[in-house]
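Working notes for the structure below.
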Amino acid sequence: MDKLHKISLSTGSRSQFLDITARVQEIISREKVKDGLALVWVPHTTAGLTINENADPDVVRDILASLDKRFPWDDGYGHSEGNSAAHIKSSLMGCQKTLIVQDGRLALGTWQGLYFCEFDGPRKREVWVKIVEG
Amino acid sequence: MDKLHKISLSTGSRSQFLDITARVQEIISREKVKDGLALVWVPHTTAGLTINENADPDVVRDILASLDKRFPWDDGYGHSEGNSAAHIKSSLMGCQKTLIVQDGRLALGTWQGLYFCEFDGPRKREVWVKIVEG
Amino acid sequence: MDKLHKISLSTGSRSQFLDITARVQEIISREKVKDGLALVWVPHTTAGLTINENADPDVVRDILASLDKRFPWDDGYGHSEGNSAAHIKSSLMGCQKTLIVQDGRLALGTWQGLYFCEFDGPRKREVWVKIVEG
């Protein structure tokens, strides 16, 4: 599985969580992976990844609002681009998550979805997926 | 190593860290894994995993208290179940950690333990472990 | 790839981010790894790892300052060593990151660097690297 798979995304606002679970599952299914690990990687420094509830959209709204409140957009930052809050939130959520592939499917809890976290949009973004069978 | 290993847990309070290092090591030992990676996964969205000090129990108490202070239980959330703070803390700690297996043992620093983080207990919980040798 | 690779570091202040990307790439190159995953692990409980911008040094300064502001050194902690803030920041950044190795190189976005996060220095520290080809 030496390929690096790429997913293209367009985000629509400054802060936004996009459920990309089905996009990653598509790659697993297309490549006929049975068992192993899928490393999902965001090659950007003002975005991230998280796994959280995919049922009530208020959950991701509450997470975004809480991060905005604790790590406000204006806070006496030194970085001249003015988007330091987005960099901080990127480090807090992290840019990489490793998922289990079991019997050809991502092994997830009932309410779990994998979210791309936009913290400085709207932008065109990429997500990379690397599979290791085992 | 195509199996998905499952650990069952019962938590005893709303917020609690449980050291599960020995439970994961048991699986490594039973499966006679020599070298590789062990992906530990929590299939819940109001719990997580972290690695921190296992010597003085005040350390995990301080971490829990600090998270509670910064991400309070009541904070004008929209999610009707009222447990948004637990979802936020789940995303901050993360639901997956990848550990090194070396010569049949989890490779950990002297003071490191792997903790299951309960943020909305008490509940019955699961932890999944996927091993990739390499 | 059954070896566990170790990097030695000396940090110079209480809170500091050190770019260790080249140190990890050196191991990949020396071991002639073509494709797979590199798990980077910090065996300490008052330090961590993060991936963020490597262009403007103000970015990592802003991240450190923001973490210090939200998780202050003195905050009524119980842990007698007095460094609970460092333990909390270790759990927030995490002590392990899994990176993609593709065609003999760490696969990183244009502005991404891998940082060792010192939260209780200055100290001598270690970073471990485990490679799984696949």
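Just a few scattered comments:
Per-chain numbering from 1; labels A, B and C assigned in written order.
The definition used in the following text is that contacts are C-beta pairs under 8 Å (C-beta built on N, C-alpha and C of every residue); 3 or more make two chains touch, one makes a residue touch a chain.
Since this is a predicted model, take the numbers as computed values, not measurements.
Chain contacts here are complete: no pair of chains fails to touch.
Residues touching across the subunit A and subunit B pair largely diverge in numbering: under half of the numbers involved belong to both copies. One simple way to say how far apart two chains are is to compare their mean CA positions; for subunit A and subunit B this gives 20 Å.
For subunit B, residues touching at least two other chains, in rising order: 36-37, 70, 92, 94, 98, 132, 134. Of all residues in subunit C, those touching subunit A in their complex are 34-37, 50-53, 56, 58-59, 61-63, 65-67, 69-70, 92-94, 97-100, 102, 107-112, 132, 134. By the touch criterion stated above, subunit A contacts subunit C in their complex at residues 1-2, 4, 36-37, 39, 41-45, 70-71, 75, 77-81, 84-85, 87-88, 90-92, 94-96, 98, 128, 130-134.
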